[in-house]
Amino acid sequence: MDRNQITKWFKAPAKMANKYSLHVIYFCTGCGIIEVPPVITSRWDAERFGVIPVATPRQANLFLITGYVSVKTLRAIIRTYEQMPEPKYTVGFGSCPINGGMYWDSYNTIKHLDKYIPIDGWIAGCMPRPEAIFIAVTHLWTLIDKEMANGYVKYRENYEYYRKNQEKVLGKLEWPPLFPVSDEPRGNVQ
Amino acid sequence: MNKSVKEKLESTFKDIQVSILEDSRIAVTVENHGVLVILRFLKDKGFDHLALLSAVDWIEEKEFELCFILTCYMQNDDEYTDSQRLHIILKTRISREEPNLETITGIFPNAEPYEREIHELFGIKFEGHPRLTPLLLERNYEIPPFRKDFDTRKYVKDVFDKIPFVEDKDK
Amino acid sequence: MVVKIVQIILSPILALVVGVFFLGLARKIIARIHWRHGPPLIQPLIDIIRLFYQKSVSHGRMFDLGIIFSLAGSIVLVLFLPLGRWCPLSSSGGLLVILYIMLIAPLGVALSAGEGANPNISIGISRKFILSLGYEVPLLLVLLAVMTHYKTISIMEVVSVQQSTSWSIISFPLFLSGLSYFLILPAILGIRPFDVSSAPQEISSGPMAEYGGKYLALATIEHAFVLFISIALFVNLFLGGAANPVIFFVKMLVVFVLGLCINAVFPRFRIEQAIKYLWKWPTLLAFVGLIITLAIRS
Amino acid sequence: MSLVALLIIAFGGALLTYILGKLSSRIRDSFAVIISLVLLAIIACFYGRSVEKTFYSGFFGLGLVLRLNMLSWFFAIAISALGALSVIFSLSYMKDREHTDFYYLTLLLVNAAMLGIVLAGDLVSFYIFWEVMSWSTFLLISYNRGPALAAGMKYIIMSIIGSLAMLIGMLSLYTTYGTLSISGISAVIASASSGYILFILIIFSIAFGIKNAVMPLHTWLPDSYAEAPSPFTAVLSGMLTRMGIYGFVLIMYVIVGAVSTLNLGPGILKFNYILAWLGAITIVIPTFIAMLQNDAKKLLAWHGIGQGGYMILGIAFGTSLGLAGGIFHTLNHAIYIVLLFMSVGAVQYRTNGERDLNSLGGLIKKMPIAFIGGLLGISGLIGVPLTNGFVSKWLIYKTLIVEGYPFLTFAALIGTWGTILSVYKFLHNMFLGQLPEKYKDVEKSPLSMQLPMIVLSLAILLFGILPGIPLKVINAIGISFGFESLNVTIWGIASETGTLNTINIFSAVLVAGFIVWILFRLGAKSVPVSQQDSYAAGAHTPADKYHYTAEFYNPLYRMIKPFLRDVIDEFYYWIAASVQRLCGGIRHVYTGDVGYYVTYIILFLAILIFVQLKWKPW
């Protein structure tokens, strides 16, 4: 927690500011959202680290994907992720986004979330405890320090592949592609 | 109390089997063409609340079984006569090859989403239903997922595992 | 003349620093009321720096110019307010100009956010204007009472008269107006019970819904300025301004902390309840204050 | 170049355009524009000259006099400028409409009649031009047929009542003083009894109150503004309705003279105090009714009534500051209300006549000039500093506070906040928010519409930042009425009880805006994005359903709607209905066959004989 080291602030203000002002988009994607209220209220108080929930993706730079991701929710997750402004980070919360968790063989859940949107950090556990969110935040700090939290850069460079995977699962997407895509004809695999 | 209901049912309808399960539950099995008549009869008797409509896939006997659970709409909990605590489970069998049935939204309008769900997940067609469009699922499936012959592991292997990771895009 | 230039440059910077400090203090006090440790006092500054480095989304030319115009209006308004002894632009308009420049900020934000083409924004803006109509009724009565009491429209004169005689919050007729102004202060600041126009839960933070990086930074700075201006106006009109900025700042701190502690414990009003409250007690007090002032004056 | 020649050019030009219209529409259009610009040029070079000449003395023994002084020049220049701009605006607005020759004839006739009113030196010619103006306005209001006929009928009935009141006043003046020339009467009337002066003031203020839509006499205005074609509504709302203000100033300060109007009536019940309260009510109630309107032109019409109240407040107290405020507000109001109606007209022209605020939206990207016009128009209407509306409102508020009427100031200030709410709804529903599908391919407004809007927007900013230009002329008017002069400077008014310096405000806003703009550029780049990409909680924004306009201030509507029923309008309709029933009853007497008439005659003779026998009255 090097928030009070003034020299670091003058050397790399962007990195320090990004580290100590993570605004989480308050979007309940799955069963894990029940862990977020204790985190932001007086029991664990995430605001000490500058982490506060905000209402719209436009104001956020951290996206906490909590719990299993059903096919229908994936559409909303992709839309929200694309509406967040650039340096944005995502954290997969719980084992379901990692590899499907206990719904590994279900027809209706998404198994590996990072096939569709880039994920910077994972928290294992079938609903990890609130302290695990702080572990994720500190982990994110080190990633930002080491310039490794570049999920959004990966998304921008391989957008075509991400888009193709998304359309494989969700069929035709209503909104236009975020970045220009060389649209050669692609059959939709059912 | 449920004895009188049993006699009333057996007296008015001929080819039905009525059996009393524990204290407040009656199981009634009936042919699929007689369902509407019995539902109308029970509704007039005061069982005006269709609590649930569910289906069971008996794959060995190649039949679907539909269960209608009826009860009285309880106004207030405390003073209840024992007849009002009665649950009636109406069961009927339809063949698996051409699984279709009359819709009951005429009698119980609240059955509309139940029937849409069963149509989507079991493939049972309800004639006369206002809109049999998909309710829950995002994708469409050749074999409806809740049928026993739907192999979910194979489906996952075909759809989700075939989608490549973005990292190994150059392979 | 040089002193004037220094004053003109210094007062907006001072206002910005004090405003951002008040924002941080507000979050810290609310956290401590919730039994939470709460963020450091400079957290709003960190947020603003981060927002300036973050990319954002623009919905058109008016989307950019509106927020710039609104922040410029707030900065100009600071120049009209006396901070302690010196007041840069006091000679060009007085209280009437202050009253009218106060409406540039909400109008600018409304025009810029309006182009964000989002119903949450439009509902937020309509609520913000209804709320401003709500607190404007008592505020106008209060300002008219002060103007008729001191028989002038220039705020410097009001401050100098209070310096010589007693504070106007203690003098008989203006006590009611002062109390009424304090009751509507949270509505002007847009904090806890009256943050109905930027409610994150109901209308996803109203006009701020489409504001991304630098737009949100400018909006936060503008909120800091509004915080500074409303409290400075209260201190100037009712607590007799101050000889030097330090005492002025202490008075503002007392008023802000007092107001915040009272209001941090209230749940958010619905917009009708807010209007009913604003048009009942504060308006009654201000109306009675004005009638008594008029009676004394004639 | 005498005044008579000016009027001949004005009226002759109107007739000539009608004749030319028969030949070809292009010649008629260009001729109409040329005539208006020529009139503007002539009046401009009349500045400073004060002339009084009887041009025709044979009118039943009364001399018709034409007169020019600072007040009439001020109004004349405003009339001709706005007339020229609205003619230019209507070039493309009326392009593919039928019988446009008739439209241009009546439009130029109205402008000429208004010039006549302003230049009239005696009450007879004043009355003649007043009637010409009323009638040509009636013809223009009912130009669109359909509901416009009812609106025109309502307008013409109330104007006739006003003219009759003025006629009674003139007759009584003629019988008592034998002359009707304004200078003659004003010299003599000071000696009349205060009761007689009160009678004259009340009679004339009824006529001018109807024309200026003061509260109880305002009901004709919303319908006629909404139904008349947009370019004419601009002229109607800009200058025509303000002939009432010219009339008030004429009767209160020129004919009767300031000193006697101000102490008419005992203590609190002075004539101008009651007039001021009427003005205050005219500000508050119409502004809040405007908030409930869903029709763009009706909303602006109700604001027209509301702003009329500010002018009445300005001229009611007869101090030089108040008079300057009132007259300056007349000019400002003329500028921005014409601009707003032109902006509505441009939108109407492009969206084939769409006026309903709930079905428009997002036009800022398609019609930027109309948006800029609308934006500056509403900021002038509100009185945002740096616009002309602010300066005149500042003058009016200062007079009210210095004179010691806080409650009148409170009414005026609340009027401003009501204006902000309703006027933002107007701009938001038309230009901001989502663009409906059917207006996707709307193009920009044509050049002939953009030109007047740009000119008027610049005028708003120019008079807002350098108010000295018009205030110098208005100060001269005040001096000609015998008030002490204000020390007007290019940047505003300097006085010991509070000076207004618009240059300071302008430079401060400019510098602060520049600093904020640099701060804005320093931040990270922002990506332009379409209206489809708006935040919708993860869902896709549905086309045509993502725009919040209906009942824009719903919580406020529910609270204030019961108090805002237009009871006066219903009262007038009740009177009309009862009169109609009465006449229906009388009509039954005439059944049409002769037998009944013979019996009526015999009965009548019998009654006469009986009365003669019984009481012998003859």
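Letters A, B, C and D mark the chains in the order given here, with residues in each chain numbered from 1 onward.
Following the convention adopted for this analysis, contacts are C-beta pairs under 8 Å (C-beta built on N, C-alpha and C of every residue); 3 or more make two chains touch, one makes a residue touch a chain.
Keep in mind it's a predicted model, so treat the numbers as computed, not measured.
K.L.:
With centres defined from CA atoms, tell me which chain sits nearest the overall protein centre.
P.N.:
Centroid comparison flags C as closest.
K.L.:
On a CA-centroid basis, which chain has its centre farthest from chain A's?
P.N.:
Farthest by centroid: D.
K.L.:
If you average the CA atoms of chain C and of chain D, how many Å lie between those two points?
P.N.:
36
K.L.:
Taking each chain's centre as the mean of its CA atoms, how far is chain B from chain D in angstrom?
P.N.:
Each chain reduced to its C-alpha mean, chain B and chain D end up 71 Å apart.
K.L.:
If you average the CA atoms of chain A and of chain D, how many Å lie between those two points?
P.N.:
The mean C-alpha positions of chain A and chain D differ by 59 Å.
K.L.:
Would you please write down the residue numbers of chain D that are in contact with two or more other chains?
P.N.:
Those would be 524, 533, 535, 537.
K.L.:
Multi-chain contacts only, two chains or more: what residues does chain A have there?
P.N.:
Residues 56, 58, 75, 83, 86 of chain A touch two or more partner chains.
K.L.:
Counting only residues that touch at least two other chains, what does the list for chain C look like?
P.N.:
53-57, 204, 209-210, 212-213
K.L.:
What is the shape of the graph in which nodes denote protein chains and edges denote touching chain pairs (line, ring, star, complete, other)?
P.N.:
Basically it's none of the tidy shapes, so other.
K.L.:
Which chains are in touch, pair by pair?
P.N.:
A-B, A-C, A-D, C-D
K.L.:
In the complex of these two chains, what residues of chain A are touching chain C?
P.N.:
Within the complex, chain A touches chain C at residues 3, 13-14, 16-18, 20-21, 23, 26, 41-42, 45, 47-48, 50, 53-56, 58-59, 61, 83, 85-87.
K.L.:
Report the residues of chain D in contact with chain C in the complex, numbered from low to high.
P.N.:
Answer in residue numbers: 362, 364-365, 371, 375, 379, 382-385, 390, 393-394, 397-398, 401, 404, 406-407, 409-410, 413-414, 417-418, 420-421, 424-425, 427-428, 432-435, 492, 497-502, 504-505, 508-509, 512-513, 515-517, 519-520, 522-529, 531, 533-537, 546-549, 552-556, 558-559.
K.L.:
Touching residues of chain C toward chain D in the complex: what are they?
P.N.:
So the residues of chain C in touch with chain D come to 8, 12, 51-60, 62, 64, 67-69, 71-73, 75-76, 79, 89, 91-94, 96-97, 99-101, 103-104, 107, 110-111, 114-120, 122-123, 125-127, 129-130, 132-133, 136-137, 140-141, 144-145, 147-148, 152-154, 204, 209-210, 212-215, 217-218, 271-272, 275, 290, 294, 297-298.
K.L.:
Along chain C, where are the residues that touch chain A in the complex?
P.N.:
27, 31, 34-40, 43, 46-47, 49-50, 53-57, 200-201, 204-205, 208-213, 216
K.L.:
Would you tell me which residues of chain A are touching chain D in their complex?
P.N.:
Touch list, chain A to chain D: 27, 56-58, 75-77, 79-80, 83, 86, 174-176.
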